[in-house]
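Should a chain be cited, it is by its letter among A, B and C, assigned in written order, with residues numbered from 1 in that chain.
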Amino acid sequence: MHENEQISGNRRKIQDIMLRHSSKRRLMDKIVSALAVVGVLAAIIPLGSILLEVIKNGASAITIELVTQPPGAMGSATSGGIAPAIQGTLIVIGLATLIGAPVGILTGIFLSEFAPGNGLFPSAVRLFSDVLTGLPSVVIGIVGYLTIVLTTGSFSVLAGAFSLSIIMIPIVVRITEETLKIVPNSIREAGQSLGIAKWKITLFIVLKSAKSGVITGIVLAISRIAGETAPLIMTILGTSLFFSSFTNPVDALPLRIWRLASQPYDSAHSQGWGAALILIIVVMILSMALRLLTQRKGFKVKASHV
Amino acid sequence: MTPENEGFLDGALLNPSSKKGNDLHLKQEQRYKVSIKNLDAWFGTKQALKNINLDIKPNAATAIIGPSGCGKTTLIRCLNRMHEMTPGATAKGHIIIDGDIDIYHKSVDPVIIKRRIGMVFQKPNPFPTMSIYDNVSAGLKLNGVKDKRLIKDVVKESLEGAALWDEVKDELDKPGIGLSGGQQQRLCIARALAMQPEVLLMDEPTSALDPIASSKIEELVHVLKKELTIITVTHNMLQAARVSDYTAFMYLGELIEYGPTSQIFKTPQKELTERYISGKFG
Amino acid sequence: MTRLLDLGIDRISNVIMDMAKISENSVFAAIESYQESTHIKKQIFDWSEKLRVLQEEVSDLAIELIARYQPVASDLRFIKSCMEISYGFSRFGRYSYDIVDLLETMGSISDCDKSAVLEMAKTVRGMILLSLQALQSRDKSAGEKLYQMDDTVDTLYRKYLRDIITPSQEQQNEKRLTDSNNNNPRCYISALLILRYLERISDHACYIGDSVHYVVTGVSSPRR
């Protein structure tokens, strides 16, 4: 009897405590929700205001001329356009992706599928990759300058693409490795149990499952490198001419924006805003195009829910 | 019992027609589909299987039961050489198929074995990016089979063999993961059957399924064993009692008792077996 | 920790033990009734009825345990044996009832020679006690002894049968038999029938021994 009383006494005590705390709890819920909203706003407002500024100032500058004409003389009445910069950006980004994406993906595959443990070599690779992400892009530009510009004797598209790919690779590696790791091991085991060779399992089953994640990684990397200015200064130099060859300098949007902004003329400034808006649009189009191209099938790849 | 290099043409391949003194011995082994001899297995330094000797009869369902950690999953993963795919896992011993090939012989490619010995896992794992059709044909296509008509026939045959054809025959393009749990498991069985295996290993095939889906799989085992040899691991003793012709009881890495299911469940010979199946421990 | 099945097994064991007690009392009372000419038909009738009810209870319980708990191995063998043993006990009750029913029909037999029956009754009492003891202690070797005792019971029965059909020279000289039994069909009919009932009781005691052997070893003894 006494034990029963003690148990029901405890029960009442606990219920009392919980009742008293429920009003406190509801207050806490509201406070935390409010803080979360404040956080979201704090994140969105600066981003949103930048976007609005760019659109506001750049929209008026966008003309056919801007997009198709090379720059005119500084300060001249026929201000020209930024067409070479648009072209240059696309070419350099394209080439950088062609170099950086495969290297990054293969390294990511290696780290996830063939050496997932804590062996010396894989850990070194991961460490190296992390260090690279933190490297200032100006330093990477210097590297590109030293390795390619000096040895080939000229500023060139190749040097620029090379430098940008160095920035790109660690991003792709990390994201590829992480996305591949998320693919459940049961899928690999299923492939193994069918007697399929490991490389085929990796490429045709695992990678396919992680496809959208890997593409996201590449898109992220592209967005990052599209806006890098410092490495480009030292590698492609920038020019007012359209693309001539891979071993010659070329213009790019970030460079052009910087050049236009440093000029004292209003017309140049307004062109700069236009260029900025175009850069944002270009990156957006690139990401959407990449996504659409690689999701032909139509059904989304999600983790299976049993 | 099968010493390694005693006058065989090839260490792995025992060719009965060219043997003299060992014929009787080999004939005995040919009565069994899978003959496990002196099998030990480790995870690093921890020994998971201790000197397992077990002969599996063909065209029958054999169940392996035992409490968690007894080594039953380790054992069947050794049967298709998937055990060593876990880092640090090793195994030693002989597993002889059809009295013919020792799959643990050093000249045998583990990947090839998996085409003769299929496996179905506890949690259904269809390939998430593939349709039902692609799932079933994946093993064939990725192993070099290109004949489209042949693949189509095999897919139909396999889905029929897994009792799934009628439910999905009009939806072969739909994603594999869109099916219910029980259907997904049958899809995985079809995928394994497409490889035309001789032995099918099932690692707790129904533990993630509801009772009705489970009983469908049990009925399937009953039908499949006419063509194949089925070895299933289960922690559900009553399922083992329902589904299997022979039952092996394992405990702490050792084989305690093995015999016809009706005998094991009516009059087990070892007290440990009796205690386990009566639910007195484990 | 007790399994759910164990609660059921305990219950079924208790009913079996109750039946054991009642059927033992039943048989002994019937024999005493023959010996002392007491009238206890109603009592034995009640016991017999009770045994029949308990047997059904055992049967129902057994089915319920099988359906709900899927027992295996020695638990399953035990449950199967309980069904057989409960039938045996209900038979004890039935034969006891038959004996006292017969005695009532026969009327007075106080002058009869009851030696044959009493001799067999002694053995049968022993067999009943032995079989109950074997049941309680799960003694698998009791079956052997019980069959030996059954052999003596069979021998006694056949001997009596032969004797009353063709009495030997010796017996013809013994007035006792010819006088009392030849002139009184009640005596030898009642004795014969009761011997028959006792012989059946002894068979069932053997079967109980067999069931115990089966529970312990899983091997059924061949019925002789």
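By definition in this document, a contact is a pair of C-beta atoms (placed from the backbone, for glycine too) under 8 Å apart; a residue touches a chain by one contact, two chains touch by 3 or more.
In this text the structure is predicted, and so the values were computed from the model without any measurement.
**Q** Let me check something: if the centre of a chain is the mean of its CA atoms, which chain is farthest from chain B?
**A** Here the answer is chain C, farthest from chain B.
**Q** Which two chains have the most contacts between them?
**A** Top-ranked chain pair by contacting C-beta pairs: A-B.
**Q** In terms of Cα-based centroids, which chain occupies the most central position?
**A** Ranked by how close its C-alpha centre lies to the overall one, first comes B.
**Q** Between chain A and chain C, tell me the centre distance in angstrom, where each centre is the average of that chain's C-alpha atoms.
**A** Distance between chain centres: 92 Å.
**Q** Take the average of all CA coordinates in chain A, do the same for chain B, and state the distance between these two points in whole angstrom.
**A** Result: the chain centres lie 46 Å from each other.
**Q** Between chain B and chain C, tell me the centre distance in angstrom, where each centre is the average of that chain's C-alpha atoms.
**A** Spacing between the chain centres: roughly 54 Å.
**Q** Hey, what residues on chain A touch two or more of the other chains?
**A** none
**Q** Can you name the residues of chain B that touch chain C in the complex?
**A** Against chain C, chain B makes touches at 237-238, 241, 265-268, 273-274, 277-280.
**Q** Mind listing the chain B positions that touch chain A in their complex?
**A** Residues 80, 82, 85, 87, 111-115, 118-119, 121, 123-129, 138-139, 142-143, 175, 177, 181, 184, 188, 191-192, 195, 208.
**Q** Spell out the residues on chain A that touch chain B in their complex, using ranges where they run on.
**A** Within the complex, chain A contacts chain B at residues 117, 184, 186-187, 189-197, 200-201, 204-205, 208-209, 211, 297, 299, 301-304, 306.
**Q** If we count contacts the way the header does, which residues on chain C are in touch with chain B in the complex?
**A** Residues 3, 5, 70-77, 217-219.
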